[in-house]
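In this document, chain identifiers A, B, C and D correspond to the written order of the chains, with residue numbering beginning at 1 in each.
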Amino acid sequence: MNQKDWPDLAGRIEGRAHVLPVRVYFEDTDFTGLVYHANYLKFCERGRSDFVRSLGVSHKELFSSEDGSEQSAFAIAHLEIDYLRPAHIDDVLEVVSTVGEMGKATLLINQEVRRGDTVLARLSVKVVLVNSRGRPMRISALMQEAFRNFSAVNGGHPKPMP
Amino acid sequence: MNQKDWPDLAGRIEGRAHVLPVRVYFEDTDFTGLVYHANYLKFCERGRSDFVRSLGVSHKELFSSEDGSEQSAFAIAHLEIDYLRPAHIDDVLEVVSTVGEMGKATLLINQEVRRGDTVLARLSVKVVLVNSRGRPMRISALMQEAFRNFSAVNGGHPKPMP
Amino acid sequence: MNQKDWPDLAGRIEGRAHVLPVRVYFEDTDFTGLVYHANYLKFCERGRSDFVRSLGVSHKELFSSEDGSEQSAFAIAHLEIDYLRPAHIDDVLEVVSTVGEMGKATLLINQEVRRGDTVLARLSVKVVLVNSRGRPMRISALMQEAFRNFSAVNGGHPKPMP
Amino acid sequence: MNQKDWPDLAGRIEGRAHVLPVRVYFEDTDFTGLVYHANYLKFCERGRSDFVRSLGVSHKELFSSEDGSEQSAFAIAHLEIDYLRPAHIDDVLEVVSTVGEMGKATLLINQEVRRGDTVLARLSVKVVLVNSRGRPMRISALMQEAFRNFSAVNGGHPKPMP
């Protein structure tokens, strides 16, 4: 068996957003009974990974520069998170990701962690495309185009699904 | 949206085994490029959690003693794991869980972490039902029955799915 | 043996700052060879925990309200982090914590993760004192006094140690 | 500041054992109020890392084969752990490591996680020296000699310190 047998494993595109389900397990909680604050960053990183995966572009292709040669990767430059409500063991959460502002080398991704219609946390992460020596690189036109399709009209946080 | 929208989120029962898909994300790897050894235990704990969930018995009911009153939980007493082959970023793994020997208060769960037909790790975990003071308790007949249906004939490790 | 045998285990007070050493282990890195971004939040939470410990006030005393009765705890409301330079396996890092603005129920803690004189990450976390029902509570005069001694003059980020 | 300012950061050699102190933080616990079972493996990996560090041999020298040329590393082949008593938030634990049986390419390391005189968990891990293609390699005479000095007489678990 493999990924084709688990069609939802990488989440789904819904409108201009990517949605990934995340189950809360023992490992995600701490002794206060709630999800440990740093683990929301893990949930959101899973969402971003599967967002890119869902674009149908391999990491290699997507992350190649316009000249197609140099090795590159997205590095996180800045991250902000508001904790609005706690999550608990066994909860089914959804990580909803949209694209915000795009620069020549940077990309803002806005994410929400929700339980049903309730937003539990709201995160903005600014990533920078860098080469193997850590220098910013121009994001390729192909990649810019792919992300622009997921850019919320107002560049803001994802809207609740209807 | 919630769990009904993600039918595979808690994995599936296949024959006498429970199968849970697990994606390898950044958080699971270490600088050697492979999955960090302790994270296989997390994958297997997710499998056991969803295995119990798939039995259709709530934690509360399942973990109540025969007299139905005392609070209890499964504690891990012993764990063994063989690391056979490494896993990598982006891999889709499957955690396959079956039930081994059952005692009055103990339960052996055998698990494999697979990538396709390849077994990457094999784990046996002995859990003990304990009350709130940490004393072993008799596993209820209801729970014994539920687990017995997932006991491999030879009490051994799960067999490859046909 | 116990904590008295490990005098530096909870770090040290230096001027108006608390400094905690943190070693980078396998568990902290990911396959890119660098420290995983969410783990800086773990390092900083360790720093805050030991900062409070170093104040010589027990969690119980510190976190009791002025009337001394109600159970309470600090919850994280907002967190921002700038990633400036990467950290690697085996690095010895230092988490430097100072106190920023204080409100009736809130406290801003500014933290830096450094390697020698180099700042690798800069974090600000806003915590709120809440009661057991999640309602904000007034921070006790005792606790306000304790934290005020660690407030940087300009309420800003910790200054490099001389 | 750096490691020389934190003399105990990598633990200490005591007799034939290496001892590393480990503080239990929020991140280590789960909603049951106890330390999450997989995190004992993290504590023990920290102990092994600092054990090797304390031998005064760099990873590069130690892990070079007899001919001094081929790149190599220790991979975990098998691991067993007994969970005897739980650990809690704020606990100061000690990871005590000794060397058990040594083969041409393998090494057994026995470890205990203790709180004061109480053993909370007992772990045995079998590591194999492998080259970059995953093939077992002969452990160098230099490395065998270094580890033999930490071999408990009976190849068994570490004895309580007097």
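By definition in this document, a residue touches a chain if its C-beta (ideal position, glycine included) is under 8 Å from a C-beta of that chain, and two chains touch if they have at least 3 such contacts.
Since the model is a prediction, treat every value here as computed from it, not as a measurement.
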Please name the chain that ends up farthest from chain D once chain centres are defined by their CA atoms averaged. A
B-D or A-B - the one linked by more C-beta pairs in contact: A-B
Gap in Å, rounded to a whole number, between the CA centres of chain D and chain B: 27
Check: chain D positions touching at least 2 other chains come out as 26-27, 32, 38, 42, 45
Using the touch definition up top, name the residues of chain D that touch chain C in the complex. 1-3, 5-10, 19, 21, 23, 25-27, 42, 45-46, 49-50, 53, 59, 90, 92, 94, 116, 161
Chain A - residues contacting chain D, complex: 26-27, 29-34, 36, 38, 88-89
Please give the residue numbers of chain A that touch chain C in the complex, ascending. 32, 37-39, 41-42, 45, 73, 75-83, 86, 134
